[in-house]
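All remarks here apply to the structure that follows.
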Amino acid sequence: MTTDAGTAPKTRRPLLELAGLRKEFGGRHGTVAVDDVSLTVGEGETLALVGESGCGKTTLTRLLLRLEQPTAGTVRFDGQDLGALAPAELRRLRRQFQVVLQDPYSSMNPRLTISAIVAEPMVTHDPEARGRNGRRQIRERVGALLESVGLDGGIQDRYPHEFSGGQRQRVSIARALAVEPRLVVLDEPTSALDVSVQARILDLLAELQQRRGLTYFFVSHNLAVVQQVADRIAVMRQGRLVEVGEAAQVLRDPQHPYTRQLLDAVPVPDPRRGRRARAAAGADAATAGGTGGGSGGAGHGGPATAGGGR
Amino acid sequence: MTLTSHAAPAAGPAAKAKRGRRPAALGALLRNRLAVVALALLAVLLVAAVFAPLLAPADPNTQDLLMRLKPPAWQHGGSTAHLLGTDQLGRDMLSRVIYGTRVSLLVGAGAALLAGVIGTVVGLAAGYFGGWPDRVLMRLADVQLAFPSILLALAIVGFFGSGLWYVILVLGITGWVSYARVVRSEVMSLRSRDFVTEARAIGVTDVAIMRRHLLPNVMAPLATIGTLHVAAAIVAEASLSYLGLGVPKETVTWGSMLADGQLYLGTSWWVAVFPGIALMLTSLAVNITGDALRDVADPKAYRR
Amino acid sequence: MTTDKPMTTGSKPTAEPVLEIADLSVDFRLDTTTVHAVRGVGLRLAQGETLAVVGESGSGKTATALSVLRLNPQPPCVYAGGRILFDGRDLLTLSEKQLGAIRGQDIAMVFQDPMTSLDPLRRVGAQVAEVLRHHRGLSRAEADAAAVEALDEVGIPDPERRFRQYPHELSGGLRQRVMIAGALVGRPRVLIADEPTTALDVTVQRQILDLLVSLQERHGMAVLLITHDLGVVAETADRVAVMHQGRVVETGDVLDVFHRPADDYTRRLLAATPRLELA
């Protein structure tokens, strides 16, 4: 299929390059979580990695953040092979790629104040942010960051549990931006949020990207969300990329049957195009069996539903 | 155990913020009436330990065989000269209980602190790094448990000689495993939490992750074990002393008083009961204070 | 709109409700405050229809659903007012024993997370068969046979083998099928499904939704579906009730609510819902 079509459009300079990445777990009879993944993310674009649970997208994310060592293959950030860097060099490079994780409830140390949480990357990477002088500087910078993500700068001394999921996710985003990274890895950043909150966070992410020229590596299982944010889409299944391409093209004209299957599975928030529509389409065939329960789509839930096992 | 130390993380602004918050924490602590009573009791014990020579009506080691086993003042045969009576050698019980506070508090706190520090460091390293460091450290813990503590005590006493500090050393070394086990299992679950993952992705060093993210979050179970350990160590000192492996005979401890007193329980209950009450009140006060501090240290507990 | 009417028999106002929630109020009395989770909610569920209760977290939808079988933790929950009528009886006033006879038998529930609602130490077959042995007093062999049949009915391949497995040996989709089998084996008249597909992948979610729809058609039960996902509502429900801050702000036929929302909150919710536009 299009496994090797992962090259970025010519107009964009490659920022993140994954080449032949492979990760095995558990020795000789172990599993292959990521299998020969090659992918390039251009500077300033949003690449969405789509897949279902267990497809290896979490492992791939950990590999590109260098939280795990790949069994084979390389991760290059701005031309530098992360695997070839000394630990201290890698730590220094980390300021350029930051991460926002899915669950805003577990992604913050409950014992730290909002200020300490947002300032952590600064304290880690800026020597001048430490010490007595650093404190005042940090308060100012954290305040500005909080305001840039739509929060009140005066919440610095409060604790994470005092905030809602959406507010916490904004704090997470502020932290990711604290040291002005070039790449932000967003791992299901809105999956734990209510839809109305999700919409606002997606708007915020788009605005920040535009203002700061950020590159996003956006991991999601939700194609409707992906459609809103992605320039390009990579579809992952069983550790492999089955399809990579321009977002509009992948969604409109999927090349791989699995992508098709994913698209068909997304529930449509329109009753005229949902079950009734399909029921109506199959109604002629099923009229005889139209039991008392309203619509007559007996054709659904037939033998095709016997999957489920993995 | 410095339960509050973790409330001041290394991050600059937080330290400033903390200053404004501490009254809130203190206020919460003082609103807990039981904790206030426990704190007051601990303060009394501390005063008793420090000012024992001033407070005690008599020298705790002065024997008076004519006055042996006198009951407390309120009982028939007692006298106000010995408010809590005398022991089998005619020594003043009240003075002995007051002096006993010194060694017992020191041994209890010292052993719990030493064991806590060793166990926490081992548990953090084992839980965070996993792999071979974990295997090595946990095998070490198994060896420690399998090794009879009396044998260790004998070895230390034989090597260094006996004395208060060696008692603390023995009790600290024999006690660290339970701390290490608990810290390790807590850390193993914390390690996969997103905030640790994010800290690693940010580039925070392993030591800083352990100090800022892991240690504060294992303080609650640590405090629980620690408070129990204080009481256990005070009693364990008695058995060591009983075997002649502890502090010298002339040093008064609640443990040795208990050991002496049990011979006379049938006839002269007060010899064992008063040090027993002192021990019980101490461990109760330590436990309650520990619980209260743990609650206060949790930001969720007193905001909202 | 009228062209769709033949397919929405369940929503006809003439239909006798099998379950009626009237003016229900549920409070959670915490140490310092009282949270009014449900404030005067009224819902009518007709025989054979699917009523979706949709709302965001904190809207009171789950508290409402759990109230039907009085499954909210008490304390801190207090049923502050209202009635829940089933078979002419108010479920809120029944004794635990009377309610126990209804739970799992006449009214069954399916929860969001099958991993936590199945007992990890017992074989799945025994858990499905339990309802039958408990309520119907069937012998072990009879109950087991019925359970295998139920597993088969919910589309679990090789049901005899699965019957003897433990929950952790099954995938998330299969576990949810087991839950559904367990809920339906007693032939309930009302099925309450609380976010039944939220923990599942989209392709599995699709299968489970289709399964629920086909089972409902076969058995004619009424379904009270709790969800936050308007997509799921559109695909499965006959009628929908939108909840916000403990109140039902709008209720009606799905087509009406989706295409002519009367309430401002409903409109905002619809606007925020991401849709896949493949035109």
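Which chain is which? They are A, B and C, in the order written, and residues in each are numbered from 1.
Keep this in mind: a residue touches a chain if its C-beta (ideal position, glycine included) is under 8 Å from a C-beta of that chain, and two chains touch if they have at least 3 such contacts.
Predicted, not measured: the structure shown is a model, and the values here were computed from it.
Relative to the centroid of all protein Cα atoms, the closest per-chain Cα centroid is that of A. Which two chains touch most often is answered by the contact tally, and the pair is A-C. Among the remaining chains, B is positioned farthest from subunit C, on the basis of C-alpha centroids. A separation of 53 Å divides the Cα centre of subunit B from that of subunit C. The centroid of the Cα atoms in subunit A and the matching centroid in subunit C are 31 Å apart.
We define each chain's centre as the mean of its Cα atoms; on that basis subunit A and subunit B are separated by 48 Å. By the touch criterion stated above, subunit A contacts subunit C in their complex at residues 52-53, 165, 194-199, 221-225, 227-228, 251-252, 261-276, 279-280, 289-298, 300-302, 304-310. Note for the complex: subunit A touches subunit B at residues 65, 67, 90-92, 94-95, 97-99, 101-103, 106-113, 115-116, 119-121, 123-125, 129-132, 134-135, 138-139, 142, 156-159, 161-162, 172, 175, 185. Subunit C makes touch with subunit A in their complex at residues 4, 7-11, 47-50, 56-57, 155-157, 170-174, 177, 201-207, 209-218, 220, 228-238, 254-255, 258-259, 268-278. Contact residues of subunit B toward subunit A in the complex are 6-7, 9-17, 20-21, 193-195, 197-205, 208, 212-213, 216-217, 297-300, 303-304.
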